[in-house]
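In structure tokens below, several structures.
Common to both upcoming complexes is chain A, partnered first by chain B, then by chain C.
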Partner chain A sequence: MASIAASKAGSDRNRTFLAILIPVLVLFIAFNTIPLLTGFFYSFTDSKGYGAFEIVGLQNYIDLFQDARVGNSYLFTFKISVVSTILVNVISLTLAIGLSSKIKFKSALRGIYFVPRILGGLVVGYVFSYFFTYIVPALTGTTSMLASKEWAWVAIVVVLVWQACAQTTIIYITGLSSVPEDVYEAGALDGATGWDKFRYLTFPLIMPSITTNMVLVMKDMLMTFDQIVAMTSGGPAQSTESISYLIYQNGLNNSQFGFQCANAVIFFIVIAVISIAQTKFLNSKEEQL
Partner chain B sequence: MANNTVPAKVKERVNWPITILLIVGLITIIFPLYMAVVIALKDPSEMTNDIAGILSLPSTWSLDNFIEAIQVTDFFNSFMNSLIITVAAVVISVLVHSLAAYAIGRNMDKKKLFKASYYFIVAGMYVPFAILMMPLVKQTAILHLDNMVGVMVLYVVFYMPMNMMLYTGYLRNIPTALEEAARVDGASTWTTYWKVIFPLMKPMHATVAVITGLAVWNDVMTPLVIMGGSGVNTLPLAQMNFQTAFATNYNLAFASYLLAMLPMIIFYIVAQKQIIGGVTNGAVK
Partner chain C sequence: MASLSLEHVGKKYPNGYEGVKDFNLEIADKEFIIFVGPSGCGKSTTLRMIAGLEDITSGTLKIDGRVVNDVEPKDRDIAMVFQTYALYPHMTVYENMAFPLKLRKVDADTIDKAVREAARILDLEKLLDRKPSALSGGQRQRVAMGRAIVRAPKVYLMDEPLSNLDAKLRVQMRAEISKLHDRLGATIIYVTHDQTEAMTLGTRIVVMKDGVMQQVDTPTKLYNEPCNLFVAGFIGSPQMNFIDVQVSEKGAGVALTFGANTITLTGPKADALKQGGYVGKVVVMGIRPEDVVEEHEYAEGRTLSETFPASVTVYELLGSEAMIYADVDGGQISAHLSAASAVRTGSQIKCAVDVDKIHLFDKQSELAIAH
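So, the complex of A and B:
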């Protein structure tokens, strides 16, 4: 009797779990998997986004690799992503060490340095756009960076770094606070000070935070969109078109639906490969230490 | 006695050089905001072409720009739309994602279907919006979801992978003994979840609410492609439309930027601890 009751309860339990799982899976498939597969399908067509279309096989992919504008958007996106990721991590780690030391007004300082994280990328982009268009030229006597093909990317990097440092710093502060005090005490006995103390004691112990921050920041930077819309609209002369921006602009507004779907498929693969490779590589560094 | 005197000796002195450096560094954060405030408070006639003219305090403090910006950007409507979308996305995410994570987390070690579902959903983290965006524009139009409801549904799906990972991770630390006790008392799985497990996950609900809320509130791309041009705006969309129409009146523009930032700044002042904690937990876990 007891075992029958138990198995009945067990099957009730299973039924409840399935009743939860199935609708959630259906929802996820409907608005994630299906559009993903549809996008994949359209990447083999010459669809303009409306009207009739034909299957063109791999033509979009072949064109993609010969398209200068697409190539430039990848170069631009990688350039700003790598530069920003390095800058954000160096600045944030420095800030975090400062904010973790014995200072006055600690919580107020931490609170204010975090503010950029809560603001929207679009509006921050607009504010900085004014800064680069009017304030910087007035100070330096030069023309606006945003109007220059050579310098516009630097302005974009400044905004990206300004916003991304907030969260990265907080994660480093958490990482630093988990380093036990006696590690430093033992290090001090061995004469470790200054740079050596950082290099041999702090650095290895905060490797998990470095992994987290590198991966998170890089992924965000690769998907840059808002700041481009706010500051340059991809210009001047298409020199600041990020991949997301190009897909949006030409896929939805300039009738390259099928072609940009192919671009998006490549972009998806790039994001997945970079994120996974980065995690694997940095994790292996963690294990060695 | 001895113990009381030791900490006083060991106690380090305040590191003033670092404190001062950090205070000076605040300029980088405060300057853009200061610039926004003074320009927003000025009359256009006060703007000269040199920096002093742009950055000096206004000679008369006036809120006229704000009043005009509220009208031009239809601020209260956009604000309400953003608020409705954000609150709905957060509440549904907390309820649905935690429940789904419970079903999956409690079964994935034993049952292949649940384990596969977990990896299937979590892998969604690597799918950039750029690839979903184009098909979703068509799909939401066909389903008549090219509106606020559609945008909410999409957010619930987009943040599912990350929230699923956060919740299942957290559930591992909640012993099953509690549920088993409730089950012995005759409670159904459903009741057990809402009465026992859901309240226990409160710290993770806060984390999920903060990161989902921040992301949704500030998101531009989803409402832009799904309901752009429909006349219904979120705050960022209203900013974009405003920018194309009135970008040359900088005083008015900055008033509207500040209005767009203000709700989040106020919320941050009220719930700073929860927001910082949520963002940190969400990233580190």
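So, the complex of A and C:
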């Protein structure tokens, strides 16, 4: 009797699990897996995004590696991603340490620093576009950074960093609060104060947060899109074309649908490899708490 | 090693709450001082003020004659063992113990020697490469102790270091700490709420309540001559029996009456009651369970009072002996019995008390009148 009752309870529970799982799975397959596989298929065609197309085998992939514009977009994307990821993490960790100390208006300040996170990338991009086009030149007497091939990427990094710091800071605050207070107290008695305290205690103990933030920020930066659309449209002279922007622009507007699908597949692999490599490397630095 | 001096030390929090009030204590070199009291009595706060982890809001703290109120914790030359051990989770046992010396820029050879010596004393030699997460509670506790030892500080502070250990390990570690004190000849200040730890370890015990020091004395004196009702009740397990008694003159002595029962007292205790003007008043009589004797129990060498009837409500066999809790006219009483006693729950018995062991307290001020 008991085992029948138990198996009935078990099957009820399974039904509940399935009822929760299936709708999500259907949506995920419909909007993620199928488009991914469709894109993978189109990457072997010469599709313009409309009309008839032919299978061209690996030609798109071969062309990709010979296309200077694609190469430049990868270089640009890697440049802004590496610079932004480092800046975001350094600034956020500094902010988080400040916002975790005994200061007045701590909660209010934490709220203010989180505001960029709730604004859309496009909105922020347009606001900063105005700022760099009109306000900065008016104050400094120079031309707009966004119109300069040498400086436009810096303006984009400024916006990316400004916006990404919000979430990264929150994750660091959480990480810092998970370090037991008594460890710091023991450190204070042992002589770990100031820089020693950070170097020997705080830094190793928040390694899990550092891993999370490095991977998340790097991934977000590699996929930069909104800010490019709002600020430079890839210009001047294609000097700020991120990979995502190039895929969108040439894939949907310039009849290179098949070719850019191949680009997207390669890009997907690149991001996955970087994220896995980062996670593996940083996990090895993490300490078991 | 060092002496400590706390003069009128107080801790007042920004919200006005006074955690410690006017704390005065001289601690001599090599003393093993215990701070004991119930939760929230201010014992840990006092310890943390000595460590420098809490600001001292009034009074003066001196270590070896130097005022250290505003000296950073690291510059006070003290080591602390925390209740939670507070080991560095990302460092191995070796690194944990070496850390304080490394920060003091001690050369690697000296560090290695100090760590291995501490590991040998604490039997940690085989665990040096492990991280704290791979250690048991007792091992972690020993590492925390080791981290303190390697520095050879002036003063060791221990904040309930055994309270997270199971009962058996606690007894073992208690003995280890006692040995360590003898071996290091160290000045140790030890906080606990466990009065057995306090009694067995301390050269002197400081009993605290509500931020106020109640009594400072040797364990024996504290047990035999508690200065007030709180100390009398706190030290000793099970706690001392307290019965309100009416004092009246009886010949050369006095009679203590509770309900229909009377105990006659003569000698210094009776004199103290008379001289204190307590005749005709109610005082509190305190008597420890081991000084309450059932009429069939062996009582050689004791000066017993008149017997009084008691009705046993609870009987607990503890192995080598038994405890009873009984109702008496005018109060309740607990007593130790031998395990062979035939008394059980529901038994109607006759008890007496050892009059030499009676403690008397003022009912209003709760201060001791005589022991």
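Quick notes on this structure:
Rule of thumb we're sticking to: the second predicted complex is superposed on the first by the 259 of 289 C-alpha atoms of A that agree within 3 Å, B and C clash if a C-alpha of one lies under 4 Å from a C-alpha of the other, contacts with A are read in each partner's own complex, and residues count from 1 in each chain.
Note that contacts are C-beta pairs under 8 Å (C-beta built on N, C-alpha and C of every residue); 3 or more make two chains touch, one makes a residue touch a chain.
Please read these numbers as outputs of a predicted model, since none were measured by experiment.
By the touch criterion stated above, A:Arg117 is placed in contact with chain B alone, chain C being left untouched. Judged by the number of chain A residues each one touches, B leads among chain B and chain C. When the two complexes are overlaid on their common chain A, residue A:Ile34 makes contact with chain B while staying clear of chain C. Judged by the touch definition given at the top, the superposed model places A:Thr16 against chain B, while chain C stays out of reach.
By the touch criterion stated above, A:Ile62 is placed in contact with neither chain B nor chain C. In the superposition on chain A, contact is made by A:Gly251 with chain B only, not with chain C. In the superposition on chain A, contact is made by A:Tyr200 with chain C only, not with chain B. With both structures placed on the common chain, the touch criterion links A:Asp182 to chain C but leaves chain B unconnected. In the superposed pair of complexes, A:Ile170 makes contact with chain B only, with no contact to chain C.
Across the superposed pair, chain B and chain C touch chain A at no common residue. For chain A in complex with chain B, the residues that touch the partner chain are 9, 12-13, 16-18, 20-21, 24-25, 27-28, 30-32, 34-36, 38-39, 42, 49, 95, 98-99, 101-105, 109-124, 126-128, 130-131, 134-135, 138-139, 162, 167, 170-171, 174, 209, 212, 216, 222-223, 225-226, 229-230, 243-244, 247-248, 251-252, 257, 260-261, 264-265, 267-268, 271-272, 275-276. On chain A, the positions that touch chain C within their shared complex are 180, 182-183, 185-193, 196, 200-201, 204-205, 207, 287-289. The touching residues of chain B, when paired with chain A in their complex, are 12-16, 18-19, 21-23, 25-26, 28-30, 32-33, 35-36, 39, 49-51, 54-55, 96, 99-100, 102-104, 106-107, 113-114, 117, 120-121, 124, 126-139, 153-154, 156-158, 160, 183, 188-190, 214, 217-218, 220-221, 225, 235-236, 239-240, 243, 250, 253-254, 257, 260-261, 264-265, 267-268, 272, 275-276, 279-280, 283-284. Residue ranges on chain C touching chain A, taken from their complex, read 51-53, 72-74, 78-80, 82, 84, 86-90, 99-100, 103-104, 131, 133, 147, 151.
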